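Chain lettering (A, B, C and D) follows the sequence in which the chains are written, and residue indices restart at 1 in each chain.
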Amino acid sequence: MKVPLSGIVPPVVTPLLNRDSLDEEGFEKLVEHILAGGVHGLFVLGTTGEAPSLGYNVRSEVVSRACRQVNKRVPVLVGITDTVYSESVALAKKAADCGADAVVLAPPYYFSAGQPELIEYVQHMVEDLPLPLFLYNMPGCTKIHMDPETVRHLAQLDKVAGLKDSSGNMVYFHKCRELLKDNDDFRFLVGPEELLAESVLLGGHGGVCGGANMFPQLYVDLYNAAKSGDLATTRRLHQKVIEISNTVYRVGKHGSSFLKSVKTVLNLMGICNDFVSEPFHRFRTSERDIIQKLLDSLEV
Amino acid sequence: MKVPLSGIVPPVVTPLLNRDSLDEEGFEKLVEHILAGGVHGLFVLGTTGEAPSLGYNVRSEVVSRACRQVNKRVPVLVGITDTVYSESVALAKKAADCGADAVVLAPPYYFSAGQPELIEYVQHMVEDLPLPLFLYNMPGCTKIHMDPETVRHLAQLDKVAGLKDSSGNMVYFHKCRELLKDNDDFRFLVGPEELLAESVLLGGHGGVCGGANMFPQLYVDLYNAAKSGDLATTRRLHQKVIEISNTVYRVGKHGSSFLKSVKTVLNLMGICNDFVSEPFHRFRTSERDIIQKLLDSLEV
Amino acid sequence: MKVPLSGIVPPVVTPLLNRDSLDEEGFEKLVEHILAGGVHGLFVLGTTGEAPSLGYNVRSEVVSRACRQVNKRVPVLVGITDTVYSESVALAKKAADCGADAVVLAPPYYFSAGQPELIEYVQHMVEDLPLPLFLYNMPGCTKIHMDPETVRHLAQLDKVAGLKDSSGNMVYFHKCRELLKDNDDFRFLVGPEELLAESVLLGGHGGVCGGANMFPQLYVDLYNAAKSGDLATTRRLHQKVIEISNTVYRVGKHGSSFLKSVKTVLNLMGICNDFVSEPFHRFRTSERDIIQKLLDSLEV
Amino acid sequence: MKVPLSGIVPPVVTPLLNRDSLDEEGFEKLVEHILAGGVHGLFVLGTTGEAPSLGYNVRSEVVSRACRQVNKRVPVLVGITDTVYSESVALAKKAADCGADAVVLAPPYYFSAGQPELIEYVQHMVEDLPLPLFLYNMPGCTKIHMDPETVRHLAQLDKVAGLKDSSGNMVYFHKCRELLKDNDDFRFLVGPEELLAESVLLGGHGGVCGGANMFPQLYVDLYNAAKSGDLATTRRLHQKVIEISNTVYRVGKHGSSFLKSVKTVLNLMGICNDFVSEPFHRFRTSERDIIQKLLDSLEV
């Protein structure tokens, strides 16, 4: 079960009216905004999509609306990470029913599994999944780092299609790739957009760039430049990505800055509501004003 | 809304037939086994109860069965920690409906909230809760340490009844207590059973001891000895507790040793099933045999 | 080579005129101030003594001056922790020549040794040491936690006399003690003064309390109360210790608060210079004023 | 005081006969071996050079021998990181006297300075230094991460010539570069050799590659390929570098694997002694045999 995915697969923000209600109109606008940038796929219910903070009914609605609206224009990936095994499986079945193309799974994030336990967990789950699976390495949120040997081991399973690595650790990324250098079908996607340029220059397949919710074309252009070996363009666009990271994402004081910033920008762009679910909240006016000024001065 | 709770409040293990089904008979036996040891309360759906790994229907069943069977013999506390705000509230309402006495809340455990965000999160939630709340500091699983100042701040809320501290950091425990020395109603319960003796000797109100699933009377006796200032007995029983920690809990290689060990012992005692939910699994025969031998040589 | 040490063994602050010169007069006054409080030993060149920040000539001077002035009134322990093996040995020989009673060794603190490497390191070193050795567990500074099994292993060496545990982790402390319960000669000293009461109540041998530089009698009184099982006095003095920790040690913003605070208090008491060596520096006037006010309101 | 350094600057291993004696003949051979590979500079007394484990007399000998033998063929950088301020300055003066070109400074590594303390520390030290300074970010050993804002701040000092970043965190590396994009003279060198390709492709100035002790030309070729934009060659050589990392550096069980592996390879090549200073030790025969086989199969 291969998934020949390459390019920019934005982790779609989940626009909300309040903690239990999807901003349906905003979601529709957001999907069109992202697709208009030429992206190669969509990933709903990831970390940027605040999936763990959303009730199952909201998650389910996100899946069905995303699939319906994308309507096969690009592949849709669905995050099924959960601390409850059966809920991951249920969400995967929903995804398959709606026509999604693959699911994405990080380790359960309350208890910390050892590597053999993690291997067994994934081995069991793939048997219950109707879709190909991307492994999702996200130690900052799950507390567990999937060892390169664990990835190599799991990559032998027929349904395991690739790795989305959000560790921010490029040594790790390269080591995993080298271990799987004979497995041409296995896909490597990088999480932090600040690492998109180098991962593609050195042979990675693409990026799950949160910033592509706001500026999809920037990341698509950067991907294309790196993919085609146009180093001058790659450097120029890479610097733009880092500039966003050094400005927009640094507003606010906590780990939640990135999420709040992206939703604020989308709101300022007139795309969707900026409600952020607990334990976070939307930016107050002071941060919003700073974001507006940064947005005005950014030349994206 | 005070909860004058003191003593041993075991975090009840959740006996399972499989990942989605409660071992109802085992649960009943377990509750009676624990109560027979003279404990002062029960805490269901905590970390030891594997709550984050259980579907909401199983969690709901645990609450109703626990309350029904305890039938007011001792206070029942219900863990409502979740990454989804509304599910925490729903579980709290269920708990109130079933006659539980208080709820217990750790921070959401996927995203890491800053201290001001955490304060705001709890402030909002208590307004939606029908029962008194115990704060639950559990940085090993949630990645967030509730600062002493955060605890002091939240303790001013009328519904916040106490702190269950499972950080294992007694400097922290003492600092929180000193900050709240003028708040006589605020309850301090310690998580790790290895710290029960000292916390009670120095004025803490009791412990949420996982080992009390197996040997409830040991921990009750230790509490009583420490509470009454009987140092010789306290030291003797404390050493027994540490011996269990240095033997039974060290079987197995991963962070899951404690949970697997307790369920294996309960199974060997004929009390309940030893199924452990994903991402863990029950001990295999080799570890089970070691546990049996340790159990035979322990004089509890 | 047993060292029947019990009680309060303050980690003596190193008074400095500047980064390369001992405040000789201050050091003399400080030693007398501490001894007047009835302490049971002195520990020079520990973390509180800023040993790693001091040149070898200053360290050597501290050893000879301390031994000369104490003049066998109480045992003197000398920290020999270093990243250079031969320098640890040289300092131990100096300590023996000056008449010190034991040395104290934490793991080298740049590279992180694995547990087997750590065991081998200590095994080699004790053969080169002319004095009994206390192991020093200080993971916050060395990045290495000495496993309980490592301590048990090393405790079999004839020259290894005890453990000074500054991890702040009482579960660890108890586990180490239980593993060595048949070794009556092995001494357990606790580092953080906030944990003195409980460690002595439960059978530990004493504490290396930084606050005893300022208020030696407070810690001696607390030790005596805990040792004799006087729980009421223990609780009262323990709370005083925590109050100091919650006030005086919280002035300033960085990890250096404790060190700067103690030196400021000693200076305000007229005992010694408050120079703190790099990478830290003494408190500025604003913090000094806060310390003065706290000092005035403390009833020690 | 600019240092227009670019390219491969290997962190030279320190060959030892025993813990206190330099392998002088080995050191000479090693320097010639490295220079023969076409490197652009040498960095002695870094982490790979085991500087913190070496006595000052050995460090001093390394500096003078390195400068004498290199004899201005390439720039020589000298690590002066120490927990004792005055010793850092003394080593820098020695370096200047011997004709070295720059010094390299990581934060003191026992106590953890806050960022303002770190800034003040460097500000003070540069005034006492006779040579330009490279900042050295090495959080794995020092426990301190130099914030991008700290780097930006310190880069304004005339004597601060660049940053050697060994954090392994390319997001950090890019953020620092973006903050200093208007400072053309500031040099960015990357530590982990696994990150050499991407840092140079995206505008970094070179790498401090430990593997260049063994295979200097490989890293020089990779640098040149990346520098000139030859992506096919860059990818091929990058994969070779990762292969070494995934094989040779993984022999052994502890954090010391890298150091032991490099010294073993150099010994197998007939270049120098493989003694490793405490707290580590040389590989035993079993690991040595594995290294030999890996070396035979590597096509470098």
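Keep this in mind: a contact is a pair of C-beta atoms (placed from the backbone, for glycine too) under 8 Å apart; a residue touches a chain by one contact, two chains touch by 3 or more.
This structure is a prediction, so every number in the text was calculated from the model and none was measured.
Q: Provide the C-alpha centroid distance between subunit B and subunit C, rounded to the nearest whole angstrom.
A: Centre separation, subunit B to subunit C: 35 Å.
Q: Between subunit B and subunit D, what distance separates the C-alpha centroids? Give it in angstrom.
A: Computed from C-alpha means, the inter-chain centre distance equals 49 Å.
Q: Scan subunit B for residues touching two or more other chains and write them down.
A: Nothing qualifies.
Q: Which category does the touching pattern between chains fall into here: line, ring, star, complete, or other?
A: ring
Q: On the basis of the stated criterion, which chains touch which? Give every pair.
A: Pairs flagged as touching, ordered by label: A-B, A-D, B-C, C-D.
Q: For the complex, which residues does subunit A have touching subunit D?
A: Touch residues, subunit A against subunit D: 148, 168-171, 174-175, 177-179, 181, 192, 194-195, 197-198, 201-203, 229, 231, 234-235, 238-239, 242-243, 245-246.
Q: In their complex, what parts of subunit C are in touch with subunit D?
A: For subunit C paired with subunit D, touching residues are 19-20, 47, 50, 52-55, 83-87, 107-114, 116-118, 120-121, 124, 141-143, 253-256, 259, 277-281.
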